[in-house]
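Look for chain A in each of the two complexes below; its partner is chain B in the first and chain C in the second.
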Partner chain A sequence: MRPRWVAVILAVAAVVILTPGFYFSRRHVRFMSGNESAGLNCMPCHLYLQQGGLLSRLGERDYLSPLHLAVSPDGTRLYVTAEEADALLVVDATEGTVLRRIAVGRQPHSVALHPNGGTAYVSNRWSNSVSVVDLASGAVVDALNVGAGPAGLAATPDGASLYVANAMSDDISIVDLARGQERRRLSAGRSPQSVGLTPDGESAFITSRYTNGVPHRTTPITEVTVVSAGTERVSRRALLRSAHDIEGIDFTPAGDLAVVTLVRPKNLLPATQVGRGWMLTFGIGVIEPGPGGRVVQLLLDEVNAFFADPFDVVIGAQGRHAFVTHSGADVVSVIDLDAVRELIEATPAERLADFADHLGLSARYVVTRIPTGANPKGLALSPDGRRLYVAERLEDRIAVIDTEALEVVGTIELGGPSPNRIRRGARLFHRADHTFQGQFSCRSCHPEGHHDALTYDLEPDGLGLNVVNNLSLRGLAYTAPYKWTGKNASLYRQCGFRFAKWLTRTEPYTLDELYSLVAYILSLSHGPNRYRPASGELTAAQERGKTLFERERTSEGRPIPSENRCITCHPPPRFTNFQLADVGSGGPLDTQGEFDTPHLDNLYGQAPYLHDGRAATLEEIWTKFGGDDRHGVVNDLTKAQLNDLIEYLKTLGGEPADEERSGR
Partner chain B sequence: MRRLRGPIGPVLLAAAVSFSGTRELGAQEPDQGSVPVYHDWRTFTVADGLPSDKAMAVRVDGDRVWVGTDHGLAVYEEGRWRSYGIEDGLAHDVVLSIDVHPETGDVWIGTLGGLNRWSAGRWETFDQLNSGLANDVVYGVAAEGDYVWAATAAGASRFNVRTGEWTIFDEKNTAMHEPWTYGVHAAGGMVYIAAWGGGVLEYEVAAARWRDYRDPDGEMEIDLFPHDGLVHDVTTSVSYEGGVLWAATYFGLSRYDGARWRGYFDHDSPLASNFINFVRARGPVAWICTDQGLNAFDGNTWVTYQRDSLGAGAMEIQHGDASVRRRSATAIAHNYVLGVDFQDETVWVATAQGVSRGVAFWESVNLVGR
Partner chain C sequence: MRRRTAVAFGSVLLVGLASIALLSSRGDVPDGAIVFTQVTENGADAAWASRVVMLDPGHADVTPRVLTQGFHAARHPAVSHDGRRFLFVGKREPADPWQLWEGSLTGGRPQPVAANVRDPHHPAYLGDGRIVLSARGGDGADTTAALFTADLDGTSLTRITYHPGQEIAPVVLGDGRVLYVSRAGSPGTTADRLMVVRYDGTASQLFYEHPAAGRILDRPWETGDARVAFVEAVPSGAAQELVAVSQGRPLHSRVVVSDALDGSISSAYPVTDEGFLLAYRPADGERFGLYEFRPETGELAALADGAGGDVAEPVLVTSRPRPKVFVSVVDRASATGTLFCLDAHLTDGRVAQGPWRSTTLQVWGASGLLGETALEADGSFHVEFAANTPVRLATVDPRGRVVHGPSDWIWVRPNEKRGCIGCHEDRELAPSNRVPLATEKPAVRIPPVAEEGGS
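Here is the complex of A and B:
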C-alpha cells in the first residue's frame, strides 16, 4: 500500500473516531461538571480530583508552610513551626539559614519557649499533643497530652506552667511543666486559637475563632477567655459582639491594653450589600485587661479598600506600634497605639461601639501597610524590638521588617519547593484580591478550609430567603453535587463565572486559576477524627448507635420505609447518596423543600446543622426538627438510644485518631 | 453537769467525748471529731435582694454563695445579692440544685427546665432537646473530674465535659427500678445517687461498676429490723464523706460506714423529722435538712436547730443521754429546710422563707444528763 493511502485512511479514521469522541467527551465534561461554557478539559477531574492517585502523587511536593515562630532570648535563632512538614525549623537569624529540621507531631501550629530558652514547646494540632524539644540537642524529649487540636500556647514567666488553647475540644489545658502532665482543663470559647500572657504573668488571655452559642440568625458574640494564673480558673469572658475569628493577641509592655485581631461578618445581611462594603470587615479589638475593662473594636479597613483576614498581632518593645498580619491581603498593618488610646479616651462611652463599623477611622491610627509575601501569618519580635519576623506561609519564607524604618529589609528562604497547582490554588484561596475591593478571601468564611459556624443570606432571591448554613470545605472530593440546593455538579461550576457575578463582584478566575483553586479545595482534609480510634473498635455506645443507623425496623419491629432509614441517604463510604431529598427540614423562608444530602465526615466539628443552621446541636436535628420521622425514623427511640446514635455519628469520616492521644 | 464552750470563729462542740456524770467540754479547734454549733443567725429574704424567699438550694463557691430559689438564681458576693433569671440565660425560674466544679469553678445549676453551666459569666443550657440530658427536671447535680452528673426525673445523666458524651443511667442499665432520681453526690471517684423508690446507687468511676443499697424491708414505712440496712427505698438525698455514706429519705436517716448501717428516726433520736429534704456531710458531720428544722450529727452528738412560733431560735444539743436546750434571739429563717452548705466556718441554710447564715459565738454551754 502506498504511503499516501495510509495517510488518507488514518485521517479518515481519526475523523471518524475523534469527532464523536470529542463530542461525547464534551458532553461528559458538561454533564459531570455542570459547566456549559467553562472550557474544562479532562485534566481537572482525572488528575486533580484523584487525590492520592499516581499522577497526583507525582505532582506532590513537600511544602513547609511556616505558621508561627519564636525568637531565642539572645535573638540569634528563630524557631519556626512548619505546618505541612510536621517539623520545627531552627533558623540562624543572622545568617538567614535553616540550621536544623526537627520532626514533631502532625500539623504543628505554635511554638513557645521556656523562659530559660533551652526548651521549645510545639503544639501539634493533628496529634493532640505538645512536643517538648530540647533545643541544645534538637531532640524531642517528651510529648504532652492535651486537649484536641492544640493551637496557641504560652509558658508562664516562672516556667512552671504551659497554657494551651485546644481548638477542637474548645478548652484550655494548663500543663504542669515540672511533671509533664496536664493539671487542669478549663472551658474556653469555641475553637480557641491563641494564648497571650499579661506582662505581669497574672492572667492568660485566650482568643476564640467561633461565636459562642447564640440564637439562630442573631449576631455572633465571640469571647476572649481570661484565666487567672493564681486560681487557674476562668475569671472573665470578654465578649466581642458582631465579631468572630479572633486569632492573635498581644499586650502592651505596660499591660494597659490587649490587642486582638478580629473579623466582623455581616452574615445577617443579604450578600447584595457587597457593593457597599458590607460583607465582612476586618480589624482589631482593644481590651482593657482589668475586671470590667472596656472592649473596643476598631476597623483596619478603609472606605474603598479592605485588608482581609487579620491573623496575628505583635506590639513593639516600646508599646508604640502594633503590627498586624493580614493573611488575605499580604500586608502588615502598623498601628499607632497612642493614637488608639487618644481616640478611645476622647470618645464618650456610648459612642465607642460606633467605631466597630466605622470605615473612615483607620487613617487616624494606621501608620502604614508593609507589603509581604503570600499569606503572612505568625509574627515575632527580636529581643531588642528592632526586627519583626513574619512567617510568609505560602512562600515558605520569613520576612524581616525593620521596626523603625517600617519596611521589609530582608527575607529568609526556608527551602520549600516551587509552587505546584495545589499550591497556586492555596494562594488563590487565601488571597482576597478576587473580591470587590478585596473584601474577603475564600478563607475568610472557610478558615483552614473549614467553616465559620455562621449562616448567610447568599442567594439573590430576595432579602431573607433561603438562608444557608456555611459548610466545611474539607473532605469534599467525590461528594458532588454542591450547594445545599445541589445546583452545582462540580466545584468548577461552584467557583466559576457565576460565583463572580453574584458574590465576589469582580473578575472571575481564569480557567487555569479555577483548576488550581479546585485542586486545592479538593486537597483539604479533616485530619484525624478524635472519636474514631485507630483500632477501629467502637465503644459500646457507638456500636449501639451503629445498629440504629443501619436498622431496618423500629423498636416495635415495624419495617422502616427505605427512604426513612439513615443508611439509605447516608451510605458509606462518603455517607451521602449524592441525591436531593425532602426530609421535612424546609422552613418558611425556604423556596424549596429538597436539599442536597450532605456527607457526614467529621460531623461533630461542624455545628450548627441542617441547611439553614437551625439545629445548634446534633440532638436538635431530631428533637426539635425531626418530629415527623421524615428525616429518619426517630420517634420510637429512647433518649438513651438517641445519645447512642449521636455517639456513632461522631465517628464517621476522617482518619482514625491515635488512641494514645485522642485529645480527650 | 457538763460544760461546753465554743471557740471564737468556728464554734465547735467536742462530740467524741465520752460522758459519765457531769463534766466540762473544753473549747476545741476544728477537727474531724467535732460538731459545729451555731446560734447566731442572719436571714436574707426578698427584702435583702433575693429573687424569692423560697430557697431550694444553696452552694458555697469560695467568697460567693449561690442560692437557687423558685424564682431565679441569686449569688451573694461582697455583701450584696445579685439575681439571674431566664432573661440572663437560666434554663428555668425554679432552681433545684447547684454544684461548683472543684477545679474549674464552673457552676452547674439544675432547674425544672434543664441544666445550666455558668462559667465566669457565660451561660450554657443543656436540656433534653439540645443535648443528651435525660430529662429537663434536674433535682440534683454533682461535678467532679471529667464528669457532671445530673439526677433527673428520667434517670441519671452523666456528661463528659471533655468529649461531650452523654450517658443515661436508668432502670434499663442499672439496678434502679424506677427512673426517678432525686439526689447525686460525687466525691473521691465515687458517685452516689438517691433513686426515688430505688434506694441508693453507688458507682465506682474507675471500675465503671454499679452497686445498689436497698431497704431490706422493702417499701414498708416502718423499719422492721433496726440497723439492717437503708431505712427506706424512697431516698431524697445522699452524701458521702470520709468513708461514710449518709442517705436521706422521707422516712428517716441512714448512715453507713462501709461495715454497718445505722438508722435514725424522729421517735428514737433528736432527728427533727423523718421527712428529710437534703443531707450534706462535712467531715464526720452530716447536716440534715428536714421539714421541721435542721440537724447536725456526727454519729454521736446531735445538734438541732429550729425556729419557734415566736421567731426565736431553739437549739438542742444531745450527746448520749445528756442534753441541753438553748434559746436564742435569732433563728433559721424557717423550719422547712431544703439545703445547707459551708463557707469556712460559716453555715448557709436554704429554707422555705429565706436563706440563713449562721455565724460564730463565744460562750459556755452546759450539758445536763437526763
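Here is the complex of A and C:
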C-alpha cells in the first residue's frame, strides 16, 4: 500500500474515533463551565490549574504580601509584616531598600513597636503566637503565647503591656511584657481584628469582623470592645448596628474621636439589584470615646461609585485628615475630620442615624481619593506626619504618600516575584471593578477567602425564598458540586456567566480571568486546625465523639439506618459524599428539601450552620433543628455525648496545629 | 516551474497581507479629528440641508471633509469607541424618511442600519457592539419617542423604555448604562430630566433634574473626570449654559462652567478634563461655529467658522475605553415583572407617622386604576404587573385620600424584579438592611396583566 493511502486511512480513522471524543469533550467543558460559547480547552482544569499537580507546583512563587507596617521612632525604618513569607521585613525608609528579612511565625499579621523602639512584636495568625523581635540584632528572642489567630496588637505607651486581638478565639490577650506572659484574657466581639489605644493610653478599642449573635435574618450588629487599661476589664461594648467587617481603627491626637472602617451589608434584602448600594456600602464609624459617647456611621461611597473593602485608617499628625485604604478599590480616601465634626454637631441626634445610608454626604468630607497599587492594606505615618506609608499587598510594594500634597510621591519595591496565574487571580478576587460601579469584590463577602457569617436572599430563585448561608471558600478543592443546591459542577460555573448575571451585574470574567480566579480560590486553605493535635492522637472527648460519628447503633442498641449515620454522608477524606440529601433541614421559605452535603473542613470556624444559617452553633443543628433524627440519629445522645461529638467534628480538616508555639 | 509558482504565491500573500495591514490601520483618520454637523440656512431648497463632516484641527485651514456625501440631510453623528466608524441619521432625498446609517471615518459609502426604525434620532454605540437610539415609540399619530436597541445589521430591534413622553438623546456611560433626556412626559412638569437605564430597559432611574423647569438642548456627555456635561436652559427658553454635574452626586452638584461666555451654545463635547468643544455663536455673531473652550481660564479658540453652515453636535474622534457590558435578566418568555418597595411611608428621608399614614397602594395605568393592595405593617409592598407597560403608583389612607402620588410613569421589563426604597425618598439613600415583610409572600398580581401590549 502506498504511503499516501495509509495517511488517508489514518486520517479517516482519526476523524471517526476522535469526533465522538471531541463531541463529548465539548459537552463536558460546557457543563463544567456553564458557558455555551466556551472553547474546548482541557489544559487549565486538567493540567496547570490542577491543585497539587506538577505544573501548578512548578508555577508556585514565593510572594511577600505586605499586610501591616510600623515606622521607627526616628522615621528611618519601616517594619513590614510579609504575610505570605512568614517574615518581618526591615526597610530603609530613606533609601527604599529592604535591609533584613526576619523569619517569624506563620501568617504574620500586625507589627507593634515597643515605645523605646528597640523591640517589635509580630502577631502570627497561624502560629497563635506573638514573635518578640530584637531590632538591633534582628533576632526573634521570644514567642508569646496568646489566643487563637492573633491579628491586631498594640503596646501601651509605658511599654508595660501588649494588647492582642485574637481573631479565631474571639478574645483579647493582655500580655505582661516584662514577664513575657499573658496576664488576662477578655472576651471580645466575633473575630476581633485591630487594637487602637487612646492617646492617653487609658483605654484600648478592639474592632471585630463578624456580627455578634443576632436572631436569624435580623440586622447584624458588630462590636467595638473597649477595655479600660486601669482595671483591665471591658468597660464598654460599642455596638454598630447594620455594620460588620470593622477592621482598622485610629484616634485623633486630641483623643476626641476614634475612627473605624466598616462595611454595611444589605444581606436581608432580596439581591435584585446592585446600584445605589443595594448590596453593600462602605464607610467609617466615628466613635466618641467617652462613656455613652455617640457612634455615627458615615459612608465613603458616592451615588454612582463605590469604594469597596475599607481596611485600615490612620489619622494625620494634626488631626485634620483621616486616611482610609480601600483594598477593593485600590485607593486611599482622604477625609476632612473638621467637616465630619461640623456635620455631626449641626445634626439633631435623632437624624444622625440617617447618615449611615446616605450616599451623598461623602462629597462633604471626602477631600480626595489617592490611587494606589493593588490591594492597599495597612497604613503607617512617619513620626513627623509628612509621609504616609501604604502596604500594597498584591504588589509586594510600599507606596509613599505626601500628606500635604495628597499624592503618591514614591514606591518601595520589596522584591516579590512577578505575578503568576494564582497571583493574578488574587488580584481579581480582591478588586471590585468586576462588579457594577465597583460595588463589591469577592473579598467583600469572603474576607481572606473565608466567609462573612451572613445569610443572603439571592434573586434567581424568587424573592424571600431560599435564603442561603454564605460559606467559606477555603478548602473547596475537590468538593464539587457547589452551591447549596449542588447546581454548579465546578467553580468555573460558579463564578462564570450566571454569577455576572445575578450578582455582579456587569461584565462576566473572560475565560482567562476565570481560570486565574479559580486557581486562586482553589489555593485557599484554612491553615492549622487548632482543635487537631499535632500528634494525631485525639483527646478522650474527641475519641468518644469519633465513635459516635461512626456508630451504627443507638445508645439503646438499635441499628441506625445507613442513611442516618454521620459517616455515610460525611465520609473522609473530604467529609462529604458529594451528594444531595434531605435531612429535614428545609424551612418554610425553601423550595426544595435536598441540599448539597457540605464538607466539614475546619467546621468550627464557620458559624452559622445549615444551608440557611439558622443554626447559630454546631449544637443548635441538633438541639433546635434535629428533632426528627434525619440529620443523623442524635436524639438518644446525652448532652455530654453531644459535646463529645462536637469536639470531634471540630478536629476535621485542616493541618494539625503546631506542636509548640512557633515564631521563635 | 515550482520555484516560479512559489514566488508568485509568496508575492500574492505579501500583497494580501499588506492590504490587510493597510485596511486595518487607522488610515487617514487623524488623531484628534473632530466630527460635527453643518446645517445650512436654506433648508430643503439647498443641495443639502445638513451634513456630517470631519475636521483635522492640525490643518484647520483645510475644508472639513464631508462624510455624508450624497445625502440631502445628515445629523446626530456618534463615533465608535475605536475611533474608526460613525453612526448618523440621514436621508438621501428630501422626501425620504430619516434613516439610520453607519460609515467609516476612513472613507467609503455609508451603509444603512436598522431600516425599519421610525424617525430615528441620536444613535450611539453600546459596549457589546450593538447600538441604542431614540425613535418613535408608537404607531400612527403617536409621537412619543422611546429608546431602542438594535444589532448593527438592523435586526433585533428592541424597545427598552416605555415612558409616554419623549425619551431622546441617549449616550452610553462607561459603566454600560444609557443616559438620556426625558422630556415633557411627566405629569405636572415640563422640565427635561436626565434619566439612566440599563440597556435592557431595566432599572430606569432619575439621574439629574433642575428644580426649575429646564430644557436640555443636546446629548449629555461623560467627561474624563467622572462628571456629565450638557447644555441647559433654565428656565426653558432662557440663555443656554454649559453645565457639569458630578456622577458622585448628580442631583446636587450642578455647576455652570460657561460663565465666561456671553454667546449661545447649542452643543458641547468634553475633550479633556478641563476643555470642551462647543457649537457656539458669539453674542455679536451670526452663525454657530466650532470652538474649543477652557472653563478654567475662560479661553475660547475658534476652530471652524460657520461659513459652511452652522456648526452643531461636535464629537472628538479618539479611541476610548469600551463601555461595560452586562448579562440581561430580561426573559422575553415572561409577560410580567415585579416591583417591591421597602417602606412606602418613607419620604424625603423620614418615615411618616400618625393617622395620615397610607395603608394601600394603588397602581394606575393609562386608562385608569389597575388594582390595589394593602401595605404591609412595615410599609412594604410587592406587586406583579404587566411588563413593558407604563404605570403610576399612589398610596392612599383608609379614607381613600392620596398620601403620596401619583408617581411619575414607571415600567418593568419582562422578569425584572425591581426594588425601591420608599415613595419620593431622598434619591441619595441606600436601602436600610432589614427583611421587607412583603417579600416573604408571593407578589400581589395587579390585573389586568396585559392591559397594554409591549412592542
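Observations on the model:
Operating definition for what follows: the second predicted complex is superposed on the first by the 619 of 664 C-alpha atoms of A that agree within 3 Å, B and C clash if a C-alpha of one lies under 4 Å from a C-alpha of the other, contacts with A are read in each partner's own complex, and residues count from 1 in each chain.
Keep in mind that, in the parts below, a residue touches a chain if its C-beta (ideal position, glycine included) is under 8 Å from a C-beta of that chain, and two chains touch if they have at least 3 such contacts.
Bear in mind the structure is a predicted one, so any value in this text is a computation, not a measurement.
Once the two complexes are overlaid through chain A, chain B and chain C fit side by side, free of any clash as defined at the top of the document.
Once the two complexes are overlaid on the shared chain, A:305 sits against chain C while remaining clear of chain B. In the superposed pair of complexes, A:363 makes contact with chain C only, with no contact to chain B. By the document's definition of touching, of the two partners only chain B reaches A:619; chain C does not. An angle of 130 degrees, to the nearest 10, separates chain B from chain C at the C-alpha centre of chain A in the overlay.
Contacts of A:501 after superposition: chain C is touched, whereas chain B is not reached. In the superposition on chain A, contact is made by A:187 with chain B only, not with chain C. In the superposition on chain A, the chain among chain B and chain C reaching more residues of chain A is C.
By the touch criterion defined above, A:642 reaches chain B but does not reach chain C. When the shared chain is aligned, no partner comes close enough to touch A:160: not chain B, not chain C. For the pair chain B and chain C, the minimum alpha-carbon spacing after aligning on chain A is 20 Å. Here chain A touches chain B in the complex through residues 147, 169, 171, 184-187, 212-213, 223, 225-226, 231, 233-237, 531, 541, 604, 616-617, 619-620, 623-624, 638-640, 642-643, 646-647, 664, going by the rule given at the top. Residues of chain C touching chain A in their complex: 175-176, 203, 205, 226, 246-253, 324-329, 338, 340, 342, 349, 382, 417-419, 426-436, 439-441, 443. Taken together, the chain A residues at the contact with chain C in this complex read 217-220, 242, 264-270, 272-273, 275-278, 281, 299, 301-305, 354, 357-363, 436-437, 457, 459, 463-464, 497, 500-502, 505-508, 589.
Within the complex formed with chain A, the residues of chain B that make contact are 103-106, 117, 119-122, 124, 128-132, 134-135, 146, 154, 161-168, 170, 172-173.
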